[in-house]
Amino acid sequence: MDPPGIGLAKTMGGWRLMYFDSISAMWHMDGHGVYVWLAYALTALPLILMVWFPIRRIRQHWRWLLAEQRRLAALSGDRSSDAESAV
Amino acid sequence: MPSDRPLLSLRVAFARQFYRHARALLASPSDVANPLIFFFMVITLFPLGLGPNPDRLATMAPGILWVVALLASLMVSAKLFASDFEDGSLEQLALAPYPLALTALAEVAAHWLATGFILALVSPLFGVMLGLPWDGLPVLVASLFLGTVCLTLIGALGSALTVNVRRGGLLLSLLIIPLNVPVLIFGTTAVREAVIGGNPESWLALMGGLALGSLVVLPIAVAAALRVSLDS
Amino acid sequence: MLLEVSQVAVERGDRRLLSGIDFRVSAGEVWQLLGPNGVGKTSLLRGLAGVARLGLSGEIRHAGSFLYLGHSSSLKHSLSAVDNLRWHPACDVIASPSQICDALARVSLAGYEHRPVGSLSAGQKRRVALARLLLSDAALWLLDEPFTALDTAGCEWLESRVHEHVGGGGAVIFTSHQASRFGASQHNLDLGRYAV
Amino acid sequence: MWTIIHKMGSPPWFFRFSGALVRWLLPLTICLLLAGAFWGLLVAPPDFRQGNSYRIIYIHVPAAVVALAGYYVMALAGAVSLIWRIKMADITMRAVAPVGAVLTAIALLTGAIWGKPTWGAWWVWDARITSMLILLFLYLGVVALFEAYENKTAAARACAVLTLVGTVNIPIIYKSVDWWYSLHQPASIKFTGESAIDSSMLYPLLVMILAFYCVFAVTVLLNMRAELVWTHRESGWLKQWVGGA
Amino acid sequence: MPSDRPLLSLRVAFARQFYRHARALLASPSDVANPLIFFFMVITLFPLGLGPNPDRLATMAPGILWVVALLASLMVSAKLFASDFEDGSLEQLALAPYPLALTALAEVAAHWLATGFILALVSPLFGVMLGLPWDGLPVLVASLFLGTVCLTLIGALGSALTVNVRRGGLLLSLLIIPLNVPVLIFGTTAVREAVIGGNPESWLALMGGLALGSLVVLPIAVAAALRVSLDS
Amino acid sequence: MLLEVSQVAVERGDRRLLSGIDFRVSAGEVWQLLGPNGVGKTSLLRGLAGVARLGLSGEIRHAGSFLYLGHSSSLKHSLSAVDNLRWHPACDVIASPSQICDALARVSLAGYEHRPVGSLSAGQKRRVALARLLLSDAALWLLDEPFTALDTAGCEWLESRVHEHVGGGGAVIFTSHQASRFGASQHNLDLGRYAV
C-alpha cells in the first residue's frame, strides 16, 4: 500500500519513535489490526457524539434565547446587540 | 349495531385501532428501547443462574430464549385489555360499527409488534451471546416469529376472560395459559433440530399451522370473551 | 322515531331492578332519565346502547345510528387529546386533525390539544370526551351524567349543544341528578316508577 | 465548605465557572486523547503474549475505570439532592447518567472486540464482564427513569432513590459476581494483570486514564450547561447574559 | 401529618394494612395465580426442553428454579402498588397518621405471602421433578424463603418508582433486575453447595443478612419513592 | 383557627397556575373553592392535604387532624363496603363492623354492606366513600367535588352532615361547580382571582 522506503520507524533520525515499520504494518498489526482499529473507531464515535450533542443543544437554546430577546426588544422599540455562542 | 351510513372499510377500521394502540404503546423512543433492554436483562439472568459454562448454555439457549418469549408475552398480555376496560374504551369498541374480533386483533397486533416481533428480530444477538450455533439462528428467528403470534393471542384470550374480575374467568384463564405449552415445545424443538442438523422445517410448518389457526379462531374467541366481560 | 323501547326489564346480578319500561324517542326530543342512586339508570342506558344486554329483556328498536358516552371517558391517558379523538374506537367517520382541533377549541381546550390527556384536570378530561359530540353525526345521543365535573360555562355549552342537536332533527337521552335543564321541551322518565 | 457548596448550587455562578472551565478543559482533553492514542497505538511496544491486540487496553481500561467512578459521582449527587434539595445536584445526576452509560458501553464493546482475538469468543460470562453489564443496566435504568417522569424535580428524586439503593448494591454485585465466577468457571480465562505491566506500556495508559477523566468532566459539564440554559431561559441572569454577551 | 389524638399503635396499623391487602388479593386471585402458573409451566417445560438426561437436569435444577422464581416475582411486582395508585388508596396511605414505610411494608408482606411464600412452600415438588438430590431440598426452600423476601421488596421499590409513569411495566424490570442479581447468585450458589455437599450455611447466612438489610432499608426507600410518585 | 394558608402558589408541570393565595379557616366555617375547570382547585386541595407538595410554595399551617376525600374514592372494588371502611388506610381509629353498618345505613346503603364495592352504582360508590365522614373525628374536612354522582337525597344528606359538623366546631373546605349550597354561612374562595 505505501511506497517502499518511507519507513515510519526511521523518522526521527534513527531514534525509534514509532513501533511500526510501515503504514501497512500499522494497519495490519500482525492480524490484530481489524480489532484494534475497530475498537478505537467505535470509541471515537461515541466520544465525539457525546461532546457534540450537548454543544449543539446549547447553541440551539442560545439561539432561541437570542431570538426571544430580539423579539422583546423589537416590541419595546430598541435594538439589541449580537451575541456570540455560549459554549 | 344498526347504522344507516356507509361504514369505514374494515381495513381502515383495523388500521385505526392498530394505530391508536401502537401510539399509546410507543409514545416515545424509549418505549421502543425498553423491551429490548428487558430481553437483554432477562437473558443475562440465565447465565447468572446456570453458571457460565458455554457448552451448557449453548444447549439450553433455545429453551432459554423461548421461556423469555413466553414470559414477555405473559407480562404484556395480562394487561392487554385491562386499561381498555377501565377507561371505557372497551365499551366503545363493542359499539363500533365493525366486528369486535377485528379491532381486538388490531390491538393484539400492536402489542405483538412491541414485544414478540422485536424479540424475534433481536433474538440472533442473544443467541450469539448464549453461544447458540449459527445454524440455529434463522430457525430461532422464524420460530419466534410464528410462536409469539400464538402466545400473544392466547394471552389476549386470557386477558379478555379475566378483565372484569370474575372467578369463572379466572378458572378459564387457568385452563388457557397452559395452551402455551405446545407452542413452547414446538419452538424449542425446531431450534434444537436445527442445531443438531435435523429437519426443523416440519416443526416450523407445524408452528405456522398453529399460528394461522390461532389467527383465525382466537380473535373470535377473544371478541366473545370481551362481550361476556362487558355484560357481567 | 329514533328509538322504541317496549316492555323492557332490567336485571343486575340476579336482582330485578326495573320492569315494564315503555317509551319512544322521536327526532327533536330531549329525554332525561331520573331516579335515585342505584335505581338502574346506567344499566338501562348501557342496555339501550347495546353494551351490556345480559340482564335485559324486552324489545329495543333503534332507527339510525347513535352515540354513547358512559361514566368513564374512554380516553387513553398517554395519548394527546387530538390523538384520542382521532383514533377513537367507536368513530365511524374519520375527522381530520384540524377538525378535531376546532372541536377542542369549542370546548375551551385550545392550547391543550397536544398534551397527554392524563395531565388534564377532571373537567378538562370530560370536555375532551364531550368533544365527540361535535365530531359525530349520529342522530341519537345516549349520555350518562354528561354534566359531571363541568363548570358553569361547560354546562352552558353542553346545553346549547344539545339544543342545537335536537333542533337539527336529532334526539338526546341523558341521565342527571340535577333539576330539569331543558325546560318544557324536556321529557322526563322517572325510573323510580318502574323500580321493582 | 458551605460557601463552596452554596456557590456550586447557584446556577449563575456555576454557569460562568463551567464556561471558563470547559473552554480550556476541552482542548486539553482533545490533546490528551490524541497524545495517548498516538502513544498507545503507534509508539508503545506490543505485548509479548497478546501481540498488538493488547493496544485496546488504552481505551478499554480507562473507559471501565471512569465508568465505575462515574457511578459514585452520580450517587453523591443523588444523596446531595435528596438531603439538601439542591437543584444543581439534580442536574448533575441527570448529566452523569448518560455519560456513564456510554463509557460503560465503550468498555463492554472494546472488551468484546478484544475477546475475539484473545479468547476466540466475542462474549463469555466472566465475572467482571457480567458485573460491567449490570452496571450498564443500572445506568440505563437511571436514564430511563429520568425520561419517564414528566416532572423533572420528581424525576430527580426518584432517580436519587434508585441511585442510592444501587450504590449499596454495587459492591454486593461486584463481590457476588466474583464469587460466582471463582466457584464455577475453570481458570481458563485470565486477565493479563498478573505480570506487572511494563512502564513503556503503563505511561500511555495513565495518560489515557487521565484523558478519559477529562472527557467525563467535559461532557458532564456540557450536559449540565445545556440543561441550565433551557431550564433557566426565563430567569433574569441568563437573559442579562445573553443580552450582554 | 399533625394529629392531636392518640394514634393507633404501629402494630395495629401494620396489621390492618396487611389484612386489607391480603383480603383484596384473595378476592382477585388472578394477579396471584398468573405468576404461579408461569412458574409451574416453565419448570415442567424444562425437562421437555432439555431432554430427559437426569444428570444434566440435576446440576441445572438450582439455577432453573431460582431464575424462574425471580421472573415470577418480576411479574408480580409490576402490580404491587398499581391498583392502590389508581383507586386513590395511595393518597390516603400517605395521609395516614403512621409511617408510610410501615404500611408499605405491610402490603409487601401480604404480597410476599401470596407469592414468594407459596413458591418456597411448593418448591420441593419441583426440585424433585427436576431431579434435585434430596440434600438440596431443605436448602432450596430456605433460600427461596429468604430470597423472595428480598425480591419482593426490591420489586416493591421498582413498582413505587414507576407507578405514576406511562408504560411502567418494562421500565420496572429494567430498574429492578440489576438489584436482584446478588440474590440470584447467592440463592443458586447455596443450593448448589448443598447438592455437592459443600457448606450452604454460609451462603444462607449471607442471604439472611441481605434479607434483614432489605427489610430495614428498602421500606424507607419505597416510602420515599411512593411520595415522589404521588407528587409528580 | 384550623388551617392557615399564606402566600401559597401552585405549579403543575412547569406551569404556574395560582399565586398569592391567603386565607384562614376557623372552626365553624364552610369554604367553597370556586373556579373554572382546570384553574387548579384539585391541585390546591391536594397541596393543602399534603398529598402532593412538589409544585407548592408558601406556608400551610394545620392545627389538628383533617380528612381528605379526593376525586377517586380510594375503595378496593373487590372488597365489600364494610371491609373497605374497616381497613381504610387513613383511618386513625378503628370502627367496629356494627358502627360501620350503622354509618352505611345512614347513607342509605343498608343491604349493600357486604357486596363487593365494584358492583355498586356510581352514586352508591360515592356514598360508601362519604360514609367516612361519619366514622372520622377529624376537625377539618377537605372534600374534592363531594356532590358528584349523588342524587337529590344524597346531596341533602351531605349538606346536613356538613352543617352538623361545622355546628360541632369543625370546618369544611370543598370544591364544587354548583351554586352556593350553604347560603350565607359559606365563604367562597374564587381561585379565578389568583390565577396567573
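Note that the chains take the letters A, B, C, D, E and F in the order they are written out, and that residue 1 is the start of every chain.
In this section, contacts are C-beta pairs under 8 Å (C-beta built on N, C-alpha and C of every residue); 3 or more make two chains touch, one makes a residue touch a chain.
Nothing here was measured: the structure is a model prediction, and the numbers come from that model.
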Open item on the list: If you apply the touch rule, which chains end up adjacent to both chain E and chain F?
Closed with: B, C, D
Task: Smallest count of steps, each to a touching chain, taking chain A to chain E - done: 2
Open item on the list: Component check with chain D excluded and positions unchanged: what groups of chains do you get?
Closed with: A | B, C, E, F
Open item on the list: Going by average Cα coordinates, which chain is farthest removed from chain C?
Closed with: A
Task: Proportion of interface numbers common to chain B and chain E (over half same, under half different) - done: same
- [ ] State the pair with the higher C-beta contact count; candidates are B-D and A-D.
- [x] A-D
TODO: Express in whole angstrom the distance between the two chain centres, defined as the mean CA positions of chain B and chain C.
DONE: 35
Open item on the list: Counting only Cα atoms for the centres, state how far chain B is from chain F in Å.
Closed with: 44
- [ ] State, to the nearest whole Å, the distance from the C-alpha centre of chain A to the C-alpha centre of chain F.
- [x] 61
Open item on the list: Give me the residue numbers in chain B that touch at least two other chains, ranges are fine.
Closed with: 27, 34, 37, 41, 44, 48, 51, 86, 165
Open item on the list: Multi-chain contacts only, two chains or more: what residues does chain D have there?
Closed with: 134, 137, 140, 144, 148, 150-151, 154, 177, 180
Open item on the list: Which pairs of chains touch each other in this structure?
Closed with: A-D, B-C, B-D, B-E, B-F, C-E, C-F, D-E, D-F, E-F
Task: Residue ranges of chain E in contact with chain C within the complex - done: 166-167
- [ ] Could you please specify the touching residues of chain B with respect to chain C in the complex?
- [x] 1-5, 7-8, 12, 16-17, 19-20, 23-24, 27, 83, 86-89, 91-97, 103, 230-232
Task: Complex contacts: residues of chain D adjacent to chain A - done: 19, 22-23, 26, 33, 37, 41-46, 51-53, 55-56, 59-60, 63, 98-99, 102, 105-106, 109-110, 113-114, 116-117, 215, 218-219, 222-223, 225-226, 229-230, 233, 238-239, 241-245
Task: Touching residues (chain side chain D, partner chain F) in the complex - done: 150-151, 153-154
Task: Interfacial residue positions of chain F with respect to chain B in the complex - done: 77-78, 118
